[in-house]
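The same chain A turns up in both complexes below, where it pairs with chain B and then with chain C.
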Partner chain A sequence: MRVSVALVGGIVLAVLLVPPLVQLDQQAVDLGAKLLPPSWSHPFGTDDLGRDLLLRCIYGLRVSLLVGVAAALTATVIGTAVGATAGALGGWVDRGVMRVVDTVASVPHLLLGIFIVAMFRPGLWPVVVSVALTHWLSTARIVRAEVLSLRSHPYIDAAVSGGASRWRVAVRHLLPAVLPQAALAAALMVPHAMWHESALSFLGLGLPTHMASLGNLIQDARGSLLAGQWWPTLFPGLFIIVPTLAIAGLAGAWRERINPRRRSELML
Partner chain B sequence: MLELHDITAGYDRKAPVVRNASLTVAPGEAVGLLGPSGCGKSTLARVAALLHRPESGTLLLDGEPVRHWRHRAPRDLRTAIGVVFQQPRLSADPRLRLIDLIAEPLRATGRRDEVPDRITELTPAVGLTPDLLDRRPHEVSDGQLQRACLARALVLRPRWLICDEMTAMLDASTTAALVAAVENYRAATGAGLLAVGHDQTLLRRWCDRLLHWDEVAAAGMGKLPRASGLREPSVVPPAT
Partner chain C sequence: MARLAGRRLLFAAPVLLVVTFGVFAIAAASPFDPVKAYAGTAALGADTETLERLRENLGVDQPFTSRWWHWLTSALGGDLGQSSVMRQPVSQVIGERLVWSSLLCAVAFVVAVLTGTVLGVLAARRPGSVVDRVVTSLAYSLEAAPVFWLALLAVWLFALQLGVLPAGGLTDTASERVTPSQVASHLVLPAGVLAVSQLPWFTLYVRQGVGDALAEDPVRGARARGLSERTVLLGHALRSGLLPVLTLVGSRVPELITGALLVESVFSWPGIAAATVEAATAVDFPLLAALTTLATAAVLVGNLFADLLYGLFDPRVKFSDM
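Let's turn to the complex of A and B:
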């Protein structure tokens, strides 16, 4: 828990502070210094164009975190809206919406994500859209279940009897009650979204190749790995694994706190 | 008049909880409905409060038949009936301070400007002290919370009050205070009351007329004994 807090804090500081502070060009190509192993001047070594890998990793993490957070937030907003609507209205709306959710969920989500990014030019936002559109389903299910269980509460009856409209019941009583669950789902989704970004970029479908994202870095490093240069693969790999595990650890601790006995539907 | 005719209602079409129940409450009258736990009296109270749509039967409110329930019911009809539920913990939104809890019906019906007056009027009427108003439900006792729930039911000045086991979880002095608050309100406004409960002594002293469940719902309609203490009979299949 403490380790996670320290790691997440360090990562956030690093991605926020390093780029404006060091003023170094992560794209600076130095063919004379290509594929140098880790040393004091280049702690993570350099890649096949002589670019400093530490700097590229930090920039990559910045992009991946941005994609992860943006996609997780978008997915949570969509999921909460859909789940709350289905749960609050009930009846045929609920059945219809949940069948759509089941249908979308029946398609492997990485495949669906690839299909969605393939419809756009490579860039940051198509990746966000693709990850968001494939990951709102579990949130929708969680929120719907929560709303369904709340709907039969006497305090909703009391609100109805007090003249509250459907909209007011939803905004005043239902949404605030599901917000902790939705926020938790969003936090748990950040690492997942980062992995998807990496996967899509690794497949060459995600971010444009000049942009340092963790997936792109690993993709670029594939050739050198076969030639025995391990550092261009290892360090970006660690940069994916360590932050996502730290975020997941924090979110997991939070989940234990808000509902200790229940296992969330959302698994990483 | 609040009239229920031949109401059949429940949560499972095949096994209704209430069968062919009828009762009337005249304006200004206090009617007590007595019945054992799990017999369906709360469900009947929910039907009367427009919170649960019956499968058959008619509900007349001042001679007008009610056709829609819950959100589909016109707001004027819904707010003409104030409801107090059995468990204050479950009938109060845990995120609202008591003052917001009591004011919520006024805000929901667009009568925000009446909030300060009604709060200063109702707080002493139900026996709450002003310092409690800023607390949240988990920071007050069951009795204090039920007082706030009663204030919430009265805040829109309903013509009918339905108290579903309002005092079942409370001690004698709080019970007496709540009943007195209801009676003062009725004396001032002439509202009718349907008090549902299982405490014969209390209801006999409180109400003008006492009805037993057997007189209200059709007898011999194959009603099955249920385990006591279960609030939602629908979740337990009837013993065969």
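Let's turn to the complex of A and C:
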């Protein structure tokens, strides 16, 4: 837990502070210093154009996190709206909406993402949209289940018999109670979205190369890897794993706080 | 059981219909132009009249709903259209490649399930022990690792540094025929990496299931009767602990397809998933549409499989109730 907090804090600080503080341009090409192995002056070594890999990784993480957070927020808004509507209205609306959710869920995420990106051409927005459109389903299910269980609570009955409108009950009473769950789902979605973006970028269907995300870095490093240089591949991958574990650790602690009964559930 | 399978298949049909319809709707909403994709660079110099005639010939002047209907009716007859990037009929592309993808996925899945069970049981045996902590933290780290990154590192280690396994492809470049031994040696790395990427999920669920079962009454009873630890663990705890996991196996098909997609493209494995990436890069709509439908069908079959397993292994479930 403490480790997770320290790691997430460190990641946020590095991503926010390093770019303005470092004078050196990350894109500065120095062919004299290409493919240097890790050393004191270049802790992660340099890539095939002599750029410092530690800086490239921090910038890459910045891009990946940006895409991840944007996509996760969009997906959470869609999922919460859909799930809350289905749960609050019930009846045929609920059945219809959940059938749509099941249908979209039966297309593998990455494949649907690839299809959307292929049709709209790779770029920042198609990637964010494709990740968001494939990730709102679980949030919709969670929020719907939560709303359904809340509906039978006495305070909702009290509000209804007190003359509150449907809309007021939904916005003032149901939504605040659902938010902790939605926030948890959003936090857990960030690493998922990052992973998704890096897979798309790795396949050459993601972000353009001038917006190097971690997936782009791994793709760029393929040539060097085949020549035997492992460091341009290894470090960007670690930059995906460590934030994922740190966010999962934090989200796990948050989940134990909001529903202590489900402690033993797996965090995947 | 046959009735359940039949009913699930009836439910699957509308899902496939909606998915194919959605695929056509997304394509219609996108800036993608089938005429320009068909004509390529020739479209740049052509006048509007020629392009219009081409548009009419290809049938793309009609609304996407009628194009979807046309595609659907010919797909049911086995004609999935022509792939522009592979320069052969889509059905032929799928037919040639499906076998290699199935081989890769099947081998990887069996390896992942077997290894995952062993590791999960080892970890569950003594919660909090060194073995448990090592297995659990390894599993979480591997779950967080991108599969294409693992694949690249595996190529570096096994093909470049140690030189023991080929780095990719189906056969050696010098070889003209596809022989079983060649395929086997080329299969080790991709299948191994795919198995490792599916392993953490399985290990953690087996650990959870067996761990929970070890704390329950039947196990306490078995211990009280003086049965050996081995019988208690494998005969009682594993049997009831594996049950919830088995039913989830079928629902892992999407992750398996995702993993195969990335692994195949790293190892140049001539499977169907690698074709998806090529189709997407070249915006080959007929191929992409067919592959998306195929993957959805695979997921639906996986779900059906999960339901059937659930009924087979849990005597409390009656098929008539499902």
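Heads up, the rule we're going with is that the second predicted complex is superposed on the first by the 262 of 268 C-alpha atoms of A that agree within 3 Å, B and C clash if a C-alpha of one lies under 4 Å from a C-alpha of the other, contacts with A are read in each partner's own complex, and residues count from 1 in each chain.
Definition applied: a residue touches a chain if its C-beta (ideal position, glycine included) is under 8 Å from a C-beta of that chain, and two chains touch if they have at least 3 such contacts.
Bear in mind that the values here come from a model prediction, so they are computed numbers and not experimental data.
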Combined model on chain A: chain C and chain B, fit or clash: fit
Partner chain in contact with A:Arg172 - chain B first, chain C second, else both or neither: first
First, second, both or neither for A:Ser161, with chain B first and chain C second: first
Vertex chain A; arms to chain B and chain C (CA centroids, nearest 10 degrees): 100
Contacts of A:Trp195 with chain B and chain C, given as first, second, both or neither: second
Chain A residues touched - chain C or chain B, whichever exceeds: C
Chain B versus chain C as contact partner of A:Arg257, first or second or both or neither: neither
Partner chain in contact with A:Arg95 - chain B first, chain C second, else both or neither: neither
Closest Cα approach, chain C to chain B, once both complexes are overlaid on chain A (Å): 16
Chain A positions touched by chain B in one structure and by chain C in the second: none
Residue numbers on chain A that touch chain B, as the complex places them: 153-155, 157-166, 168-169, 172-173, 176-177
Contact footprint of chain A on chain C as seen in their complex: 15, 18-19, 22-23, 26-27, 30-32, 140-141, 143-146, 148-149, 152-153, 155-156, 160-161, 167, 201, 204-205, 208, 212, 253-254, 257-258, 261-262, 265, 276-277, 279-281, 283, 285, 288, 291-292, 295-296, 299-300, 303
Chain B to chain A touching residues, read off their complex: 46, 49-51, 70-71, 75, 78-79, 81-83, 85-87, 90-93, 95, 104-105, 108-109, 149, 152-153, 155-156
Interface residues, chain A side, partner chain C - complex: 102-104, 106-112, 114-121, 191, 195, 198-199, 202-205, 215, 218, 221-222, 225-226, 228, 230, 233-234, 236-237, 240-241, 244-245, 248, 264, 266, 268
